[in-house]
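What follows is a set of structures for review.
Shared between the two complexes below is chain A, which has chain B as its partner in the first and chain C in the second.
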Partner chain A sequence: MPEIMNTVGIWLGAFFTFAIFSFLYKDNPFYKLAEQIFVGLSAGYGLIYIIYAALLPNLFTKLATDFRGNLILLIPFALGIMMITRMVPKIQWLSRYPLSIVIGTSAAISLLRFLKSDLIAQVAATMINPFESNVPSEIVGNLMLIIGTICGVYFFYFSKKQEGIAKIPSKIGVYFLMVSFGATFGYTVMARISLLIGRLEFLLKDWLHIIQ
Partner chain B sequence: MSLNTSTILERRIVYLLLFLAVLLPLLFPIGWGSDVSPVVKMSYDLIDQTPAGGIGLISFDYEASTITEMQPMAVAQIEHAWSRGQKVIATALWPQGPQMAAQSFEEAKRNPLFKDKEYGVDYVNLGYKVGGMVTVQALGSSFKDVYPKDSSGRAWDTLPMLKDLKNLKGLSWICSLSAGEPGLKDWIMIAHDVHNVPVTGGTTAVSAPGFLPYVNNHGQLTGLLGGLKAASEYEALIGKKGPATTKMDAQSVAHILILLLIAVGNIKVWVRKRNNAKNTEVTNA
Partner chain C sequence: MKRNIPLILAFLAGLLMIVSEFIPHRPFSNMVETLENWFMIIAGFSIVLGLASLLQMNYQKISTKAENWGYHLACVIAFALIVIMGALWGMEDQPGLLGQGEKIVSWLGKKPFDYTYDNALVPLSATMFSLLAFFIASAAYRAFIIRTFESNLLMISAVIVILGRTGFGTMLTSWIPESYRIWQLPVLADFIMQYPNTAAQRAILISASLGIIGSSLRIILGIERSYLGGDK
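After this line comes the complex of A and B, so read on.
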């Protein structure tokens, strides 16, 4: 039985791959079918997974096995119920309370972490002695790191019109930004080609057994 | 032929060429190699220099859609850690992570060198936990509180390799294979920046440029694997001709084609502009 299910799964995978690829020719019912099945399945999978991976083990099972010892869990339970009240127009205002708690806690936790890791540590990482290395390429790299960071940030300084000599660092900053956009584009191309490779490998290996 | 029809036709030709550029090298491999970049070597060195018996954690923060890029990294790192006598814990901040981890361990065990690796002794799959950064933060206090059971329901105390592990500080290294949020950033922010545990990572190629600044003199990130190319570099470092290496031919041919198409496109625009300028001159005369 598992063998048959595996084969059916592979054939379905091949069918949906072609159905999605058919959009490259033009929009058609096969593409629409594949797209809508994907959206529906993803939503269903996500819902069931959250029930089994989060709600049951973290809330319902604990309350069912040791209610008195887990009384504190009634607070998130109540907040969860309040969140669902969004679906009832008359009492949907209740959902604002759990939402505000989620936003407040997330913002507070993230603020501290981002401040330390993304601001302080990143700024500190540019405060280096560019000439501490004996390797010329590393010295050039260090200088580019410092100049690129300062000029790149300066480009986003809008409080004063950038003209005359003040325009030079801004112009250098633009060049650094352009190089960074180019690198990002290159990486994006690589990622998209990888997706195509993955699909073709599936067709050639798992479906047609042409390659090993 | 109208401009719109010709554009559609050109687009279809480009798709067809790209399809062939990827398909043919998969059918007839060329065997092009690629140099190892310093950031990949850093990641390799982190695992390589960890003493035998150390415990590494791989967080499977991706799902099936990015399996082509991420899975070869996972398998190569598991094999590398096992070859150095280390133990590997798998966790996941994404729902499909445990399945990805199980597949990676299975694939690594197909290597005859590692067929005897035993669950609970050499590796465990702790499973998915919702919460992202909050979960990582909780692991800083106690692993057992967050994961009282593994992904198959086995209790923490029945897994021998976890006997002495209390929290993140007990790990030799952490690697988040991350296709988005939550993922690598949460591990950097908590595991490295708070608990000072070395963190390395693997990302899809799209995300890689955003993480490169974390590979800095503060060691926020100890090396980075970005996309399929980095996975193939890692395979080269462990002396394996794995799935990433075989796919790099297709990747390289497709990139050459895209470069050619960009050049052809630019020439076409230049010719059109020149013709337009000539026509304007003739009309004015």
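After this line comes the complex of A and C, so read on.
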């Protein structure tokens, strides 16, 4: 029986693959159906995942096994319920209390994380000796790294109008940003193409058995 | 009370997290551990809130028989199906309300939730994102026909990275002697990724982190209050 159900699963996957690809021709009922099923399944998956990964181990299991020892967990539980009151217009102000804890905590977490990993660490990583290496391409690369970072940061400085000679580093920063956007674009294209190849491989290998 | 207490709560929660970073000892370490646990639970409920909002929106469209209401019904049915399967038989190693569901696993080959995930959600999401390969090509065409120095830089680096990551790119420039190997497309693509790309990404990271630090401080200090919504 599992073999038959496996085949049914492959046909289901092939149907959804064609339904989504049919959008390349034009918007049609098959695509709309697949799109809405995708939304529903993703939302349902998210709910079940959050229940099993966060709510059960951190809250419900602890309360069910040792209620007296975990009485303090009733506070986040109550705050969680208060969060859902946002759906009821009359008492939606109650949701501000849990929301403020979530926002306050996540603001502090991101402040610390970005301060350490994205600001101090990145600035420190740029403070290098460009002439440390003997390889010419590495020396050029290191110089580019330093100049590109400084000019890029300068481009994002909006407090003073950049004109005259002050415009030059900003312009260099734009050039580095453009090269980076191009590289990121190229990378994204490659990632999407590999996904497309993966779908074609599924159709030709798993579904039609044309290729091995 | 409706506005000031939440502002005080946000301030205290933020302050506690920051203080514990500099004083990683009791009682702050314990308090932060508790707060992080609470954060996970409340964040879990906030996702439930988001999903409830999605269902409410779909319910409105179905009940008023708005245009294309049938598709919204399909969305709700898909949602209900996967939630029921997950709740009854669990996911992966997690048991559900009916345990591990050995009977249905012997019939399907895996748990119904995992079966739906593998055979419906994975193909749907992979195909949906692979569809972007086609649209990204047309977007690239529109971006590249703008003839400026900046757009040319963008196009050249994109082409080098794309070709440098393929066998075709390797074949095109494999004749270049080893002493000039920097001009071989795969090496050039690596160089772009390693130096100019890193420099620009670093500039973005540094600038964005300054902005995030500023806005986080505004939230903790209660200057930024938009998350509280209206005045009611």
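One rule holds for everything that comes next: the second predicted complex is superposed on the first by the 207 of 212 C-alpha atoms of A that agree within 3 Å, B and C clash if a C-alpha of one lies under 4 Å from a C-alpha of the other, contacts with A are read in each partner's own complex, and residues count from 1 in each chain.
Here is the rule we use: a residue touches a chain if its C-beta (ideal position, glycine included) is under 8 Å from a C-beta of that chain, and two chains touch if they have at least 3 such contacts.
This is a predicted model, so every value here is computed, not measured.
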item: Contacts of A:Ile91 with chain B and chain C, given as first, second, both or neither; value: neither
item: First, second, both or neither for A:Met83, with chain B first and chain C second; value: second
item: Partner chain in contact with A:Thr188 - chain B first, chain C second, else both or neither; value: both
item: First, second, both or neither for A:Phe176, with chain B first and chain C second; value: second
item: Which of chain B and chain C A:Met1 touches, first, second, both or neither; value: second
item: Chain B versus chain C as contact partner of A:Ala43, first or second or both or neither; value: second
item: Partner chain(s) touched by A:Leu196 [first = chain B, second = chain C, both, neither]; value: both
item: Partner chain in contact with A:Leu74 - chain B first, chain C second, else both or neither; value: neither
item: Superposed model, chain A: greater residue contact from chain B or chain C; value: C
item: Touching partner for A:Ile128 - first (chain B), second (chain C), both, neither; value: first
item: Shared contact residues on chain A - chain B and chain C; value: 24, 45-46, 49-50, 54, 58, 109-110, 114, 122, 125, 180, 183-184, 187-190, 193, 195-196, 198
item: Residues of chain C touching chain A in the complex; value: 2-3, 5-7, 9-18, 21, 34-49, 51-54, 56, 68, 71-72, 74-83, 86-87, 90-91, 94, 106-109, 113, 115-134, 136-137, 140, 149-151, 153-162, 165, 182, 189, 191-210, 212-213, 215-217, 219-220, 227-229, 232
item: Touching residues on chain B, where the partner in the complex is chain A; value: 12, 15, 18-19, 22-23, 26-27, 65-69, 95, 127-128, 130, 133-134, 137, 185, 188-190, 193, 204-206, 208-209, 213, 216-218, 220, 226-229, 247, 250-251, 254-255, 258
item: Complex contacts: residues of chain A adjacent to chain B; value: 24-25, 45-46, 49-50, 53-54, 58, 109-110, 113-114, 116-117, 121-122, 124-125, 128, 180, 183-184, 187-191, 193-198, 200-201, 204, 210-211
item: Residue ranges of chain A in contact with chain C within the complex; value: 1-3, 5-6, 8-10, 12-14, 16-17, 20-21, 23-24, 32-52, 54-56, 58-59, 72-73, 75-77, 79-81, 83-84, 86-87, 92-93, 95-112, 114-115, 118-119, 122-123, 125-126, 137, 140-142, 144-153, 155-156, 173-190, 192-193, 195-196, 198-199, 202
